[in-house]
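Same chain, two partners: chain A is paired with chain B first, then with chain C.
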Partner chain A sequence: MRRPSSEALRLALPIMALAALLIGIFVMRPNVMSYNGLHLLFKLGIPIALATLAQMVIMSVNDLDLSMGSFISFVACVTATWLVDAPVIGALILLVAIATYALLGMVIAYRGLPSIVVTLGMSFVWAGLAVLVLPTPGGTAPAWVTAIMSARPAAMPMGIAGSILIAVLAHILIMRSSFGVLIRGVGGNERSVARAGWSVLWARGAAYATAATFAVAAGITLVGLMTSADANIALRYTLLSIAGVILGGGEFIGGRVSAIGAVFGALTLLLAGSFLTFLKVSPDWQIGAQGLILILILALRLLLARLERNGLRA
Partner chain B sequence: MSAILRKPWLWSFVAAGTVWVVTILATGGASTVGLSQATLTFAAFSVIVGIGQMFVITLGPGNIDLAVPSTMTLAGTMALKYMDRVESLVLPGLAMAIGIGVGIGVINYILIKALRIPPIITTLAMSFVIQSAAIATNRGLRIKPPDSMADFTIGLTFGVPNVALVALLISVAAWALLNRTVYGRWISAIGQSLPAARMAGIPVDGVRLATYVLCAVLAAVCGYLLACFSGGAALNMGAEYLLVSIAVVVIGGTAVAGGDSNVPGIWGASLFMFLVVSMLNTYGFGAGFRLISTGTIIIAVILLASVRRYAP
Partner chain C sequence: MPVIDVTDARVRFGEVVALDGVSLQIRLGECIGLVGHNGAGKSTLVNIINGGLTLQKGQIAGDGELIPTYGIKVARARGLRCVFQELSLCPNLSIIENTRLMHRTLGGWGWRSRARSVISHSLDQIFPGHRIDPTAQVGTLAIAERQMVEIAMAFSDAGIAPRLVILDEPTSSLDAGLAAQLLTQVRRFIAAGGAVVLISHILQEILSVSTRIVVMKDGRIVAERPASAFTHSGLVEAMGSVPREQAARTRAAAGDAVLTLKAPRQGRHDFVARKGEVIGLAGLGGHGQTDMLLALFDLKSPQWLPRRDPAVTFVAGDRRLNGVFDLWSILRNTTIASLQDLSGRGLLNDRAEARSAADWKDRIGIRTPDMHNKILSLSGGNQQKVLFARALGTRAPVILMDDPMRGVDVGTKQEVYAIIRAEAAAGRTFVWYSTETEEMQLCDRVYVFREGLIVAELTGDAITENAILRASFRDEAA
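And then the complex of A and B:
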């Protein structure tokens, strides 16, 4: 029998974790096992999956984006105000934001700057811009966004359908296209990519622009679900997105990422919250239990990696 | 003279001094003493957590402690609840805060080592657990600190805020630890190359454990002082110190890639960070502009630093 590839083994854990949580929820609350139940359970799946993919693209070039949450909050504020009142200007603002990300990527590559620090600084800038755009919580979602996000496909709830679609598109872009190979190559060995005649400067810029595009989509879809915005709406996405990528089998260095894994990781973190609510864990301990789930899954991953190695030796 | 100019911490002090003068000018010199004392007080808290974070960052790429804010909150909350305004429990309360720090540091490193989870994820997951523990302990109560501690943290000695003196003592100890002990050399060696450090026979795991414990203990002590200073522990009291603790390390000239740390720079950067906010407040800028300026300054500093470092 052909051994499963190590990529497939890597993917097995996030899938199993998600399945285990889902089964646990079904056992406790059988009535969740319905269209409406799943719809509510996965409601926030699309923005979280998109945010995690954005972080994944940054991590594939060995960088880390600590401004992801405040950037998505900024996008949400622009979406709930400019994109409704003056769609052309709103779209322009978002395009400039994406261009800013590309520029940041190039500056980071050109100067050899630590991405953690640059994005840390940018997190203040985006947070400040978000406050300027929308000083008090409010605004409305553009009608077309609400229409898409509140769609109810017959086959499965929007949260699940959208997440699958996003995972497949991201998989093709990052894992299968030559562009994806290039940016993962920058993460794997920057020098050899440069020797092969590619510009690392432009590759990093393009990776940052791609990540920003995912993040813009996350912000817009988030407003579509929430129907309004505030400057702190997505702050927790910074840490959530990093945890999601790691949970999905990604690594901090070496360009080892998995788009499908990242989406599964994001959905697992999303379900962990509901799971704990159904378990009647005291609200005091909910975030703590989420931390423990994260540690538990990573411990399992180590175990799987050991089994994989022993299997190779045998 | 040129030796001084080449010191990486110099620029953070130059920047802090410039902002100080500009702020004083705005008020016509009326607030000189008040502004300086407030700056020293608030910078002191950033210095204490910043030094802990600096030790961890010096360990090399990937090393960072995201549990600093929740450690501050838990230590502050539990110590104040335990003391319950009883004067005789001031020192046992401090010991309790330190004990909490030691415990958190040990667990952090056990998870990093045993599960081989990257520190950023370990400390992130741990921060969730610690924050939950703080929520469960606090239950929305706001217990006042013992009067003597409240007076001490707010008070001045020869015109200098007491907390700034505490931070100064800790800084001197940290500087000596880094530059005058073998432990300090070991941290730098590990930060420059972990495999090389291991080959050289450095007890890598012991040193890394000690460093994570040190960082958590400093965060716990800072939480204890901050809770006494602000008249009680609040659940969000540590929140802003996550970014601040990292920012002051970087602006202060410590290498983000590890292996090269810098204690004086933490002071310059902490003073600078607080002064920028007060300057923008003095000139009447709103929250949005304050945030944008803070971020722009962090990026500008790191850009300037890179020009100096990579200049041919």
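And then the complex of A and C:
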């Protein structure tokens, strides 16, 4: 008999966690079980899912991006100002930002720098730029972004439909394409990738550019939902995105990631907040309680990993 | 015309001369057996040929023309493939995905099915009846299966046909049947006009399959003859096994057991270490020896509260990974494990620390003008001595050593062996994992590992290279 693959086991946990939270919410507030209820519940799902995927791409090459939140905030500020007033310049700014990410990835590969230090430094750069672009909260969302984000597909709310679409696209790109294999190969065994004649330098650069593209999409969609921006709008996305990847079955090193898992992880974290609100946990305690949920789920993950190992030995 | 022609290759790593003027021609249709002791320069030569290392002197020609900028890409484009001693696939990817990475020409829509047929075809040809699922993740495969995949990968053809395949200890984790299948493949491959360079410590394999045998020693080629001109003993002689000055095995009266570990399964050997013994952990690399050392360490060292009298201490083998503190001085690196003995009321006694370090500098012969120099100013061998001094400086009665002599020169080794014997005679216990059989012969008792378990226990004069190899390779005489 064929045992379920370890990948399937890893994916099972975030799905079960999401289902458990959803059921909990439904039990407490049955009226959430409607189009409108789900719409509100998953409203912020798309930007969080995109941010988590961006982080996942970075983590698949054994790096970590601590500037994710401030980069997305910067993108949001550009979206709410330049992209509205002068779309061409705005788009150009975002392209340069993506190119900067690619360059960072190549510098990290070339000099063997720790990505944590480089991105921590960059987080202040992005935060500063965001304040320069938009000194006080405000701005408006480009009309086309608002139109997309406020669409109400008949089948399911936008937050869910968008998340599914993003998960499928990312799965194809990272898990199925040659490009994705190369990137995860760099995470798995950099030397053997180099020995096969690939340039690890360019592979890392491409991974960072891909991550930046996801992050730009996260920033733009976030503004579409909020209809305005400020320089601190997405700061908590740094840690949320890392937690989402790990929750979704990813590892910090070794190139083991899952795109679908990451999206599930992101949505689980999103629901954890609502769940606590419905439980009437006071906002003062919510962040702590969210942390507790996270620890609980990760402990389960360790347990599963142990089962997996024992299963292999037997 | 030779497919690869290396002329007067010279490579140095710091003070160590790895290749000292090596010239080698590899022609199509021949299998070159490359033999030599550890550190003879075989791996360096292989890395030169596959483009991973750049020559500091000398030149490489391919098919008669000089190649000025030789590198990995050039080598691969010429049909050169390599199976490395340490497995070099991506463990997080499936076999199909690894195939895609290895063959740059496979890209485009539908690469999965193409990669699948390429690797399946090669696996079926070399290892008929292999039962390996190409969609499996490499990390979940057994070690022998991984090696099979790697070999099949090297011989697979996806656009650029392999012409020269270098096999570096390819049979180290294959059983007799699989090894025979591989050797058959080598014969078939050279008959079809390919070339193979085979490195193996199993001389019988080399003798049976090679057309020409090249013997290396100390970075030079010392003999090069058709295989028919060599016999088993002639080959050993040519490698020039230095008559080893074996530190006499002092038969210390076996003391009390200081460390025991039950075998995880019934019917296997338990681990016992007695006072004053030097215990060897042998077998092929990566068969559970390091895990055993770590288990022994965890068993005896409390996780929560450090003890003033540690029961065990550890000498790391991978110096850069978990041995030295890069940025610290030699002195700090020496005393870090015994700081509690060198301090009073929580404060470190500088004078006691300096005294202890100076003491060890003399006893173990650390070659440095000043113990306050950075640790990285020392040669590898001397860094290793510092790690020994660190371990011996504690009061731990048991010392665990994880292949500590990797990349250490012969002179240093002899000095350290003497220290180990002296400390053992004084009542300390050593548990010593080494991949070098010679070192195992210095031990009082040896446990041989295979697939994570102790499969044999050898004592005293029964510890021979043959006995260890026989136990490491299930039922297979070396």
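Structural remarks
The working rule: the second predicted complex is superposed on the first by the 308 of 314 C-alpha atoms of A that agree within 3 Å, B and C clash if a C-alpha of one lies under 4 Å from a C-alpha of the other, contacts with A are read in each partner's own complex, and residues count from 1 in each chain.
Simple rule for what comes next: a residue touches a chain if its C-beta (ideal position, glycine included) is under 8 Å from a C-beta of that chain, and two chains touch if they have at least 3 such contacts.
Computed from a predicted model, the values in this text were never measured in an experiment.
In the superposition on chain A, A:E7 makes contact with chain C only, not with chain B.
Of the two partner chains, chain C is the only one touched by A:L182; chain B is not. Contacts of A:I242 after superposition: chain B is touched, whereas chain C is not reached.
Using the contact criterion defined above for the overlaid structures, shared-chain residue A:G254 touches chain C, although it does not reach chain B. Once the two complexes are overlaid on the shared chain, A:R195 sits against chain C while remaining clear of chain B. Touch counts on chain A: comparing chain C and chain B, the chain ahead is B. For the contact definition in use here, the chain B contact set and the chain C contact set of chain A share no residue. Chain contact summary for the complex, chain A toward chain C: residues 5-7, 176, 178, 181-182, 184-185, 187-189, 191-198, 254-256, 312. Partner chain A is touched in their complex by these residues of chain C: 50, 52, 72-73, 76, 82, 84, 88-93, 97-98, 100-104, 106-108, 111-112, 137, 140.
Partner chain B is touched in their complex by these residues of chain A: 64, 107, 111-114, 116-118, 120-132, 135, 239, 242-243, 246, 252-253, 282, 284-292, 294-295, 298-299, 302. Listing the residues of chain B that touch chain A in their complex gives 61-62, 64, 66, 111, 115-118, 120-122, 124-133, 135-136, 139, 243, 246-247, 250, 256-257, 286-299, 302-303, 306-307, 310.
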